[in-house]
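Across the two complexes that follow, subunit A remains constant while its partner is subunit B and subsequently subunit C.
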Partner chain A sequence: MTLKARSKRSYANLAPIALAVLVAVVLLVLAGANPFEAFKLMGQGAFSGWTKTGETLMAWVPLVLAAAGLIITFNAGLWNIGIEGQIILGGVAASWAAREVGGPGWVVVPAAIIAGALGGMLWALLAGVLKTRFKVNEIFGGLGLDFVAASLAVYLVIGPWSRQGVASTSGTDLFRDEARLPTILENNRLSLVAVALAIAAVVFVYYLMRGTLFGLRLKAVGRNARSAFLLGIPTSRYMLGAFALCGVLAGIAGSMQAIGFHFKLIPAISGGYGFLGILVVLLAAFRAAWIAPIALFFIAMSRGSTQLDLRLDVDSALGGVITGILVLLVILGGGWQMRRLKRRVPA
Partner chain B sequence: MSLLLEDIHKRFGAVHANNAITIEVEKGTLHGLLGENGAGKSTLMKVLSGFIDRDSGRVLLDGQELDLSTPKTAIQAGVGMLHQDPLVFLPLSVVDNFLMGSPGHRFLNRAEGAAELRKISEPFGFNFDPDAPARTLTIGERQQLEIVRLLWLGAKVLILDEPTTGISEIQRVDLFATLRKLADQGMIVIFVSHKLEEVEELCQRVTVMRQGRVVGETALPTPAERLVEMMFGQVITASDRPQVEHGEDTLVLSGVTFKEGNLEVADLSTSVAKGEVIGLAGLEGSGQRTFLGGCTGLVPVSSGTITVGGRSMTKRRYRDFMRDGVHYLPAGRLEEGLVEGLSMTEHFILAGEDKSFFIDWAAARKSSEESIGHFSIKGFHDSPAESLSGGNQQRLLLAMMPPGLKLLLMEHPTRGLDIESADWVWTQILARRDEGTAIVFASADLDELLRYSDRILVFFNGRIIKEVEARSTTGEQLGFLIGGKEPE
Partner chain C sequence: MADATTEEKGTGVILGATWTEFWAAWGDVFTTASLASMMAASGPLIYATIGETISEKAGVINLSLEGSIMLSAMTGFGTALLVDNVLIGFLAAAAVGAGIAALIAFASIELRLDQIAIGFVMTLLAIDLSDYLGNRFVGEAGPAVPAWPIPGLSEIPWFGEVLFDHNLSVYGSFVLIVVAYVFIYRTRRGLELQGIGERPEGAFARGVAVNNMRYFYTILGGALVGVAGAAFSLDQKLGWREGSTRNLGWIALAIVIFGGWHPVRVAIGAVLFGFLQVVALKMQPVFPGLSQVLPTIPFPMMILALVVVYTDWFRRLGDRYPRLRGILAADPPSGIGVAFHPE
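Let's turn to the complex of A and B:
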């Protein structure tokens, strides 16, 4: 692609974003708030002071991990809706390790992360086997497994792992200090290990998809499984591989939630980052390089918009509305470009 | 009353699928539309029934121009189409299917619908249980249901696209009786087929299409050889190729039956020698594709044995065939060969020998540019496959073939290519043959079959009905065999 075509495309990408900002402004005005004031407050809500920045980054980590995993499955042509369940299983497995494995932090923390990765992988492979061996569409299989995983978390929280004498859905007992991610600041959950893992995941996926035969074959499977098969690529095995890798990253995301953010297992351990990750990847047009900034924007929107409630008396759901509209408009913009492209080129 | 198609044009990119089609069909006639696959019959009928838009031209019924922009307006104008696979919703009941396309009714009146269904069915002797699920109907009955439905919607013109494909002989006789009755009642019936004998049996007039054009129209009966000649054109090839020495047998099939869904290609016994070129002739869907798929492990063998290069390959998988030097080139270049969205370089990497985990992009680009030059592909190393023309896609596929093949199986290797590309493709294939690769190819082009094959296997209804030497066969004889007839 020539540079000119590329810059043209990025302009076309900007149009829906500008439109989304416009919609946000209109919504804010309709809600009776000064839009500029509101944007400023949202920015402050996410990033003013180390505490807020730390919280924002610790929410960013699992979202990036999930999105990185989804880049792999999307490139393999798979709608891994089961990612929520994979995050939950990661959280459950990490919680198990955090509760059961003794010893100092440098033993428990890696054990919990590895357990989380394995848990996520297992759950993803289940969806993968359903897809490749039993021809169950991964969307339905994944959705089913999401519910099973969510129920498992609830069961553990109010059942075997419930707090002494209390059966409450608010979560298990807090993990001991050694079983938590090491932090760098007082009263701040920010952990360099978590941030490093997120960055490593992005770099890993970027090179996997760009620089390896595995990534290229996966793309071929995703774009045309029949051609890929005839080229001699074992398509089922590659699909399973994509599921497994995505599951590992989702499982690590779940372990970050458990030992880096909540310090206990809660029913909503996934934080909805799996589904949100799908939006991030769609907005990033399946390119790994874009997920980190887009995920940051999403998290900033959702965390920052809580300020709107407090300060401007505007419902904080507005942040979600704005990100949703943004994704919708970008996808619409993509579809519109495709149509225009098709019209210009004779079929 | 008459239906007039006037100067209809339809292009798909470079392909002129309908070129200046003018046909007039009189009321009360059974009119056949005959032509090989790819002749443009289906396109024309889809234009008529509103499924696709024509580029130019008019359709008039009784001098009135018809609006055929969608299937809905087409049926409103009185043009109904019976598709090859009847448009029946299998889980729904017969009466629901009957009412499905009815205009204007907000609420379904099933009782009334069932009564209407009975009323229209009776004269034809059709008998439906309105509440039975459509799944329980045979294909023939589904066709009957479709016909009744179209009549109820007011069809004055009925188009049937290859209606005899999936039905039994008894059902076919019933269908023909129904069609005759419809014509007697003053309907215009257009019967689309590539089967000579059916058109001869049923129709009073026939229009023959070839390569997007009307090449002739005649009243029936007419001598069959005239129809064959119109369908396939004059074959000018003189089979004067030198006799090439063949080596030992590469592919041997003994008593093999391939089974693919409902299609069974049975009792095949043949062999292909090293350096030999075998053509597979036959109407589309007569078993050639299944044969090719079976010889590469894509279609399961249900009985008999296959050997390649002396090694038993019965029950082996596609990748085993691949590893043993068998290469398959299907007809759908973008569907079953190339991957849309991937560049030429990426294709070369995927097909290449180098299986190292990390891709050396600089080296890959260099070798890809060499191949592009060597195979004179018009495009760049980063051109996505779908941006190439058909001829260049085929060049890319040939360039991706591994060296030293034992057996090369191809389906329509030059379909849709211009003459220059087609010649070039064959130069490449023959170079492979000279290296000792056994070549098997299916084609609908008689000229190509006669020009390049040593032997031709003629398929009909899932059987090899004849094996002929290309050198001593004429196009006319081959045309007869393809139509399932023994030449005199």
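Let's turn to the complex of A and C:
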């Protein structure tokens, strides 16, 4: 591709983004709000002061972890819709450790994170075995396991782990202080451990896909499982490996939710970050380097838009609408470009 | 689905019920009124599952059901409220479902994009859109499908009350089961529909305009999914609030698989789910947690159905009793999810 063609392409990539911004402006005007004021409020809602920035970063961490895991499964050609369930299982397992393991923080916290990783891995491997051994499509198997995991969380919250005397879906008792991620500021959830884990996950996945034989072979499985198999790659084992790694990262995301954000188990422990992570990875076009900034944008939109509700009386779902339209337009735009390229160069 | 259960519900103890309480509640499940409400509750699911069956039979997976139903339920109720006409509400809902389906068909056929990707994005986008646009309708009381017991038939003891003492939305779902079955398995066009999903190349070679037909059936299926939304917000659980139809779309997707892409079996799956809901409702006072756990049963059932069909013993059983295989087998249309390019 010549330099000129490439620069033309990057302009074309900006078109969907510009269109999405335009849609956002139109929606805001229709809702009777000043778009500039709205964007300013959203920015403030996400980043003004250490408290808000800390909360935003602590929401960013599980989204990045989930998206990093999804990069692996997507590159293996797998639609890991079961990621919500894997996050939930991670949260459940971490909560179990936080409740049961005694001792100081440097024992309980790592135990909870490891338990979460194992829980997520177990749930992912279940979807993987259904796929590789029983030919159950991972989309439907994963979806089913999501709901089973959600039921398990509800059951634990209102059943065996319910608060003394009351069984309500608002959650279990709060974990004791030793079972929470260490924070750096007063009255602020921000934990360097969590942020470090998210960054480590991105770096890990980046090098796994770029610089290792495993990553290369995994991509081969994803591109064409049959050819890869004929070339001697044990495709089932590689798919299971992708599921397991994604499950570990999703499980850690769940443990962050449990011991770093909510400090208890709630039914909605996954926060929807698994499904949101799929949008992040689609927008990043399956490239690890992009997930951290895109995830930050998504979180800023969703947290910032709560300000719209409070200050401008615009429904906070607008943040989700804008990110959804952005992803849709970028994907459609990509397809449109491919179509034009193919037309120009007859195959 | 993540925040599926955030509402405050169910206080008390689980499994602390006595057997007498249990049997009393269990008896309540089988009263005529309960069974009638089970049939009514199945209505939206029947529309959605048969719509999705048609679309998948043609080879296109419309994964957006959860969002499509949500947005069309909001649109259906909102429109009916604004123009004070239930029928126009249904039409608007059908248009929303058809529009989303058309977008998925376009992206898959013209742009050769992954159906799953576009369907998934539409799921989340439509949910947020329903939330954003439906804000003004929250808590409003609006029109509903008027009751219309079928004269004569509704007087039959038991059957009359269970089957024929409903409204046009519910009867429509019954009629749809029969029409879909007859169309798919007993007409030439229906055979064509199966062909474009099973062997698109073969159908194309025989002169069927595969992609045009895929557009048509995907949009038709999407319209039925939209009707499901209106049938929910204008008949079953009146009105609109955020997440009103939560999980209905995912459940419909599961039931289509559980029902093996066969309209009658899919409808039976939908009615069984209605039954589960009635059980959950009646058991609620006895086992407070049940109403939240029971509605997820279609998912393990779906996985089990897919696993069982694959096992060796099921194959041997099928070889021995071919008729049984005909009834139980659940093979997806082989061309499902794969774009077809004539060149």
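Everything below uses one rule, namely that the second predicted complex is superposed on the first by the 338 of 347 C-alpha atoms of A that agree within 3 Å, B and C clash if a C-alpha of one lies under 4 Å from a C-alpha of the other, contacts with A are read in each partner's own complex, and residues count from 1 in each chain.
Going forward, contacts are C-beta pairs under 8 Å (C-beta built on N, C-alpha and C of every residue); 3 or more make two chains touch, one makes a residue touch a chain.
What you see is a predicted model; the values in this text were computed from it and never measured.
Asks: When the two structures are superposed on subunit A, do subunit B and subunit C clash or fit side by side?
Replies: Aligned on subunit A, subunit C clashes with subunit B.
Asks: Name the chain, either subunit B or subunit C, that contacts more residues of subunit A.
Replies: C
Asks: Considering only the touch criterion stated at the top, classify A:Gly211 as touching first (subunit B), second (subunit C), both, or neither.
Replies: first
Asks: Using the superposition on chain A described above, determine whether A:Gly103 touches subunit B (first), subunit C (second), both, or neither.
Replies: Touch partners of A:Gly103: none, neither subunit B nor subunit C.
Asks: Check whether A:Phe140 is in contact with subunit B, with subunit C, with both or with neither, and answer first, second, both or neither.
Replies: second
Asks: Tell me the contact category for A:Leu231 with respect to subunit B and subunit C: first, second, both or neither.
Replies: In the superposition, A:Leu231 contacts subunit B only.
Asks: Contacts for A:Gly49 in the overlay, against subunit B (first) and subunit C (second): which applies, first, second, both or neither?
Replies: So A:Gly49 meets neither subunit B nor subunit C here.
Asks: Could you look at A:Arg223 and tell me whether it touches subunit B, subunit C, both or neither (first, second, both, neither)?
Replies: Only subunit B is touched by A:Arg223; subunit C is not.
Asks: Of the partners subunit B and subunit C, which touch A:Ile158 in the superposed model: first, second, both, neither?
Replies: second
Asks: Flag every residue of subunit A that touches subunit C in the complex, lowest number first.
Replies: 27, 79, 81, 84, 130, 134-137, 139-141, 143-148, 150-151, 154-155, 158-159, 166-170, 266-268, 270-276, 278-279, 282, 315, 317-318, 320-321, 324-325, 327-328, 331-332, 334-336, 338-339
Asks: Which residues of subunit A touch subunit B once you look at their complex with the stated criterion?
Replies: 1, 211-214, 216-217, 219-220, 223-224, 226-234, 346-347
Asks: Which subunit B residues qualify as touching subunit A in the complex?
Replies: Residue list for subunit B touching subunit A: 12-14, 318-319, 322, 328, 330, 334-342, 346, 349-351, 355-359, 361, 382.
Asks: Can you name the residues of subunit C that touch subunit A in the complex?
Replies: It is residues 1-14, 63, 107, 110-113, 116-118, 120-122, 124-125, 127-129, 131-132, 135, 242, 247, 250, 253-254, 257, 288-289, 292-293, 296, 299-300, 302-303, 306-307, 310-311 of subunit C that touch subunit A.
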